[in-house]
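The same chain A turns up in both complexes below, where it pairs with chain B and then with chain C.
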Partner chain A sequence: MAEASNESVANVIPGSGRQLIRYGVYAVVGFIVMLFLLGQVNQCTGMRSSSIGAVHAGSGTITLNLAQEPPQLDSTKATDQVSGMVLGHVMEGLLRYDADNNLISGVAESWSVTDTEASFTLKQDLLWSNGTPITAHDFVFAWRKAVDPSTASQYAFILFFIENAREITSGDMPVESLGVTAVDDYTLHVKLTEPTPFFLSLTAFPTYFPINQAFYESRDGRYGANAEDLIYNGPFTISQWVHNANVRLEKNQNYWNKEAVHLNVIDFAYILSDANAIINLFESGDIAQAGLNVELVDRALRNRWDIRQHVDGSVFFMEINYREGRLTRNYNLRKALQYVNDPSELVNKVIKLPGNLPGESIFPVWLKGVNGKFREEFPAKPMMTNHDKAREHYALALEELGLDKITLVMLSGDNPSANKQSEYYQSKYAKVLGLELKLDRQIFKQRLQKMTDGDFDLVLAGWGPDYADALTFGDLFTSWNENNRGRYNNPEVDRQIDIAKNSSDPNVRMAAFARVQDILNEDVAILMNYERGSLYVVHDQLKNVARRSVGPDPDYAFAYIVDEES
Partner chain B sequence: MSDIGTYSFKRAHVDLDREEISRPSLSYWQDAWMRIRTNRRTLASLCTVVFMVLVAAFGPMLWHFDFDTQDLNQTSKPPWASRAMTVIEPYTPWVDRPAVEQWSNTGAPADIQAVGFPSIEFVRLTWSPVEGATRYTVFRTIVDPEDGPLGLPLGSAIGESANSYEDRIDLEQDRYWYSVEATFSDGSTTSSTVPIDVAAATTLAGAIESQWVESDSTLQPGDTLNTPWHPLGTDYLGRDMLARLMKGAQISLFIGIVAPLLFILLGVVYGSFAGFLGGKTDSILMRFADFVVALPFLLFMILFKLVFGIGAGESGILPMLVALVLLSWPAAARLVRGQILQIREEGYIDASRLLGTKTPRLILRHMIPNTMGVILVTFTFAVPSTIFTEAFLSFIGMGVEPPIPSWGSMCNDGRKTMETTPHELIFPAIFISITVLAFNILGDGLRDALDARMRSTE
Partner chain C sequence: MLWYTTKRLIQGIITVWFIATATFWAMHQVPGDPFVGEKAVSPEVEANLKAKWGLDKPPLEQYWIFLTNMGQGDFGISFAQESRSVNDIILERFPVSAILGILAIVFAGLGGVLYGALTALYRNQWPDVLIILLVIIGISVPSFVFASVGQLLLVIINQIVGFTLLPVAGWGDISHMLVPALVLGLGTMAFLTRLMRSSMLEIVSADFIRTARSKGVPAAQVFSRHQLRNAVLPVITVLGPSVASITTGGFVVENIFGIPGLGQSFVLAVQQSDYGVIMGTTVFYGAFLVLMVIIVDLLYAWIDPRVRLE
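So, the complex of A and B:
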């Protein structure tokens, strides 16, 4: 019997081997055929909502994608970049930015700003998209709404330069006491708490946009939730907003400067954030603009696309936790980390995307100083990586803390770039110092929550400017700033920021910021990583798209389409 | 019926010769081994499995690369990448930038050239500036731009007489076309392009630190050296893929073998208990097993992670193991219970019981061995599915934590660069596929060899 079974096994095997191979071939061929068929089906039925293509010169239409759906478009509550971008197209403040990023007249015809007050004369006969006149009262209503504690706007702080705004938001004063008054329908008067040389640029910020009170109240709490729950005073109106599908903007026929607006339709036909999917849409001619990440650069180069660079103004750094009981309170430990830190290696060999600059200071290179650029007038101390000194300080830290080994938790975002950076630091700290770094990767919201709770030792964080003045970065590490997540507390920093805030003399202000720059470096308050830049590609025929680091970005308000021939 | 007299019987002749077994007796395992030995497919898969286990156990000890050593100068290198490197001086900031010697008379920046040795550490460019320019933008691309776009904008040099730029970002050993574009105050631009070959390079100190050369090496700047070979290339932080795959094999095979071993053991005990006792107890026990089947694995994995106090950045392997063991046993329990129920009614069990065998011995000597085939086959099929579960969980970030790699997390990392550097995805995927396939074929072969029912049909 054993022999028989041997035989049968021996007979079966070669046969079944051939069978296996045959089935394998069938499976592979079937798989390829299926992929092909699915590709065909996808081309017929794909999620294409416009057949018009990326740009259409005849109808003045461009098609784009949104990274995400705007949560809502109430300008007093908007916080995210996408909402800000859409609002920048459909609304207009007292002033606005042109395509070259100069502040130009918006609703206001003329203006004057002093250390203590600002006043604006509005253009007459401007109309909302529903035909109602735009008056100074619309601004008073919107600004009161934004600081009203019941609105709970996360951006209320950007109005704190106006008298009593801070007290109103904390509930100590009634909203009516806000230092803004409509002298008449076309004159707006603002009282400032402190000298605010950059106040004009604030009036182009979405939180400062006007809202019509009658319309707001008629929507019964749904203001900004849908296209029909908004009226517009910007270059465009929202003609269609299908939630989680698309947002379509059409030229506003009531806009005072409609001659300068060349596009008729901006169709955000896709709500999509996956970089690969977006670049595929760009390649197939479905959208007019797409961002590039480091993995997509070679593809863009081989396709000979016209690649552009944009510096978005944000600064990225490692924030350190100074709360009671944290090892990172130890100066020598922080100093050791600083000597290991090599922003240039991080940018050139880990992040690898041109446009990013090695971080040297909390004040980015593009900020204005007294006459020229702040960083040219007040260069940051060069940071020299020095592993031997790092080890010396680390040994001192171990001694002071009475430990054999230090383990820290690094909080970071959960995306390919943040993962790469955190793994880079993990290995680097282990190799140079023998310090164990545990990585806590969290999605954006969760990371923000943990930062607020102080649940970290180190965190990879960043800060984008709210207005074009060094103060937006300078006051980050004051003891009173809610966004000082590590609770860094240095009376000297507080004092310098106070000096800067109470002066309108650029020499005094910039000297104070320069002092803050030095203190943050000497005390190792943070470790600098990089200043963010990005790469993107735009359709050949689409011109005059404005990119900016402060304010709605990108801005298609004054963009135009050229004919293919030209 | 009358008595049968003693004399009616005759002593039988015992023919020992006839009783003698003509072939040597085969034990269960000998028989199974014989079948496996003749089944080439099973044998091959068995060898693969043994090989994988050996690689996981001894590979990391023998291989000269550490799984966590980063080499940022050799990131995402495929296996066939060149290994030659030129030794260069340590990097120092470019302070003595050249003064303008000559202005361009072509209307575009001219005489673009590299200062010093263009290597992956830095490429320093100078050019003859153009009168009237306000700004120079430097571009770089990997294909000849001809008349098309200039490629990647790297940065700018401001001012009419600016004539130098240093590029350090993401350089690889390759030919790059560098372009310098002059922008004039009216917004018009002119440009010129030059190809530059960039060499792989390292400093002597860097080479010594990476242990590519001895610390008393006499290499001079300008000499070349060969870096050690990465047989499977490197990943996005320049870590050796083979070392990471071997480390990952430890995790995958540990979970893949230990978890099934534990939950099948639990299932066997539970199932044989239920099957042997029968009746109400059996019903209750098996309903409880049904209940366990209904519990969602992922949810429990997360719960265990919380209960064990696994903090941020700590490995999730232990909760994964516990969740697998606590939730996967019912399949094995059902199978064994079915077998036991069947075997309980067999004649040899009754015979054994009549001979006075005690219950424990009955179960251990007669019942379990007879279910051994089923148990082993279940085990070999459970291993690949568990390896897959681990890979999946690590893929979605629930398993190992960096720097420890696992095949699943390596696939997840490699997926992002699938188009540019496919080897980072393909190799871990091949390891998963081969191991899972080997265990499946082995399970198939073992079933053929061990399953009693299949044997009885032959």
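So, the complex of A and C:
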């Protein structure tokens, strides 16, 4: 910086201090005027988040934060968790989940499901929020729309249990051939391609929600774009949706079971993803619920908040590349990696957030089995960490592959938690086996693309359930599943899944899944990491908020506010 | 002057075209496309999606379609928020960023000039030392730290006073804007303070000041008309690009304070490979930056008659 090096004090022009103060006053006044002007201008943009606090018993209002703007509220195309959560509050399928996660009657009054077909009798006199009757035709229209190739829905596959759905999506059959018919206004008949004992739970999924054809067509391609481009049949309606700023839900006065709905307003007044900012809002009493990460647990404890735990249903594992020419095709190498693997250490010393469970099986603990929980009826083989055996297998692998040293590429996400995990594996493999692990960190989409292309040896991956049945995890490593990114291929796994898919007998199905569980372990198809859990805090006065692994989560539909305890 | 302006505008258009082209090709080189998601899609659905969005066409044809549409000011629809056009998203979110940005830049500009002048007047005395210390902090500490600390302070202050003095996050009225704008403008203000200080010190010993004073021009007038006016020139030079960088660089602040501005979509679009929004926001900001630079050059000539635009 070129400063004048003359004697400085002498160079100050007299009286300039006072002049500067005068300018300073002008500046402050100008700034305040500017502030007010901009405030006025901003009123016109309509972006407002005004809030009356986390819970307001008098008006039955709760205020919450939304992790992101709902990307898609056209139920045939929605794929993400936030859209699913909002849709779960404002729409209703044939069945729905109650606050205790039981399937209960939604639009359907009664139903029957066999191995080849399902039929539903709808409640009569139900109305959309605009007063139009809800009929069986609304379901036929929505389901056809979802499998229509021109809709190109990424969740079309969830309707593939219905006759001809797969063929329609690939453009081989007309949309009208879908195996669903409205026998009359209040009777819906579905033909199934295979026994689908969990079909009822599918009808609670957003892709299965009804859409009114006349309204859809009246929006001219903008269905779901704004609050007024939707009509609602769920417990709430969207009364205001300012994109990226707030979403406000109000009780639906046309909802058939409105007596069971206690809240009048669910105001998603903030759209924020920063965990610290969200907890700041919670602490200052602006929102009624917030998630915690490792860094925030201490703060929650200090404030003596009631910390709760939720298992979100997802399972995380290390996927192994089985493509031709990959070193990881070698069984002894995989076995060596398996003997090093220690999910408890990963969960307790690396991830450190309470609530996560060490991974033991691709089938998570919450899945239903024949009578009780699947994992209680068919326990997974315990994980055996054994470094000596690991080294033995590694030596064998080196010999078989004719190498002195093995270098593998591990693909992972690029975020603090993924980095911690991949670095943990890097140092662990180097220490125990002398194996070099190269880390390939990629942001979300890039990682997924590389997974799809098979550009990895090992990848930190995970899977969240689409429906509440073991099949959503069980068929993951079949040869035909596109989500099987390592291209693991074992005829026995395929055969077992075929058996499960062709039966509705829970004994037969669960035995097949148990066999798959064993094979994946014996053959080291994947290395288990953890089952994800999360911690969160809720306002003391807000009760009956449902959390679930499958379906809209969290669910405030039947929540209520209690008076302040004195 | 008119010829100069026209010339600069044509240069600007070429620059924007170059930005658009480079971004377009770079974007398509990145692995992954808008349809890559957690759940793999079947080949049929992927083919349907690509056909629907025109991504099955050869890249050169896509580029040509993009250029033709861009020429008409149409950036198509967002891949991540289907059924919403990129133009709508920009129109809706830019005013928010702009309001926040203007406020931050006014704050930074006024503060920078005042503090800079103050440090120059009290060179090597305590106000100078104190302000320069703050300047060093302002320049070296990244804005997300200021944002987080600022927000935490708000929580504490609100708890102490017992009511919401200033909201912790969100967007709406003046009370929502104040802290984010201060945080956003802090870095620029620190930088401008330093610039203003050195510029003031350089000018105070210039010949024309001595001449003016020996001519008997009143001191206050020498200060405001000769010293301040000349010293402020370099500040204005950097102010133009700062306007663009502050309105675009607000991502972190927007994220922490939950402000629905364009900076957020700018960054998120890249993460989501949202081709439409990437192109829309990049070209928009590119054009905005180029325009700012041109405006500053013209403004410069207006403030300082010695500059001839030829």
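For the reader, a short list of remarks on this structure follows.
Keep in mind that, in the parts below, the second predicted complex is superposed on the first by the 515 of 566 C-alpha atoms of A that agree within 3 Å, B and C clash if a C-alpha of one lies under 4 Å from a C-alpha of the other, contacts with A are read in each partner's own complex, and residues count from 1 in each chain.
The rule is simple: a residue touches a chain if its C-beta (ideal position, glycine included) is under 8 Å from a C-beta of that chain, and two chains touch if they have at least 3 such contacts.
The shown structure was predicted, so the numbers you read here are calculated from the model rather than taken from an experiment.
Applying the stated contact rule after C-alpha superposition, one finds that A:321 touches neither chain B nor chain C. In the superposed three-chain model, the partner touching more residues of chain A is C, compared with the other of chain B and chain C.
In the superposition on chain A, contact is made by A:23 with chain C only, not with chain B.
When the two structures are aligned on the shared chain, A:449 is found in touch with chain C, with no touch to chain B. Of the two partner chains placed by superposition, only chain C is touched by A:150; chain B is not.
Of the two partner chains placed around the shared chain by superposition, chain B is the only one that A:430 touches, whereas chain C remains out of contact. In the superposition on chain A, A:281 makes contact with chain C only, not with chain B. When the two complexes are superposed on chain A, the residues of chain A that touch both chain B and chain C are 1-2, 4, 6, 8-9, 13, 16-17, 20.
By the touch criterion stated above, chain A contacts chain C in their complex at residues 1-4, 6, 8-9, 11-20, 23-24, 27, 30-31, 34-36, 38-39, 41-43, 45, 47-51, 65, 69, 71-72, 74, 77, 79, 149-150, 152-157, 169-171, 221-225, 229, 242-245, 269-274, 276-277, 280-281, 283-284, 286, 442-446, 448-450, 452-453, 464, 466, 481-483, 485. Considering their complex, residues 1-2, 4-6, 8-10, 13, 16-17, 20, 294-295, 297-299, 301-302, 304-309, 344-345, 347-350, 352-356, 409-411, 414, 416, 419-420, 422-424, 426-428, 430-431, 437-441, 535 of chain A touch chain B. Residues 30-33, 35-45, 48-49, 51-52, 80-84, 89, 92-93, 95-96, 99, 102-103, 106-107, 110, 113-114, 117-118, 121, 123-124, 148, 151-152, 154-155, 158-159, 164, 167-174, 176-178, 194, 198, 201-202, 204-205, 209, 213, 219-220, 222-224, 227-228, 255-258, 260, 264-265, 271-273 of chain C are the ones touching chain A in the complex. Across the complex, chain A is touched by residues 23, 26, 31, 34-35, 38-41, 68-70, 72-73, 75, 141-143, 145, 148-149, 151-155, 168-171, 236-237, 311-314, 397, 401-403, 413, 416-417, 419-420, 448, 455, 458 of chain B.
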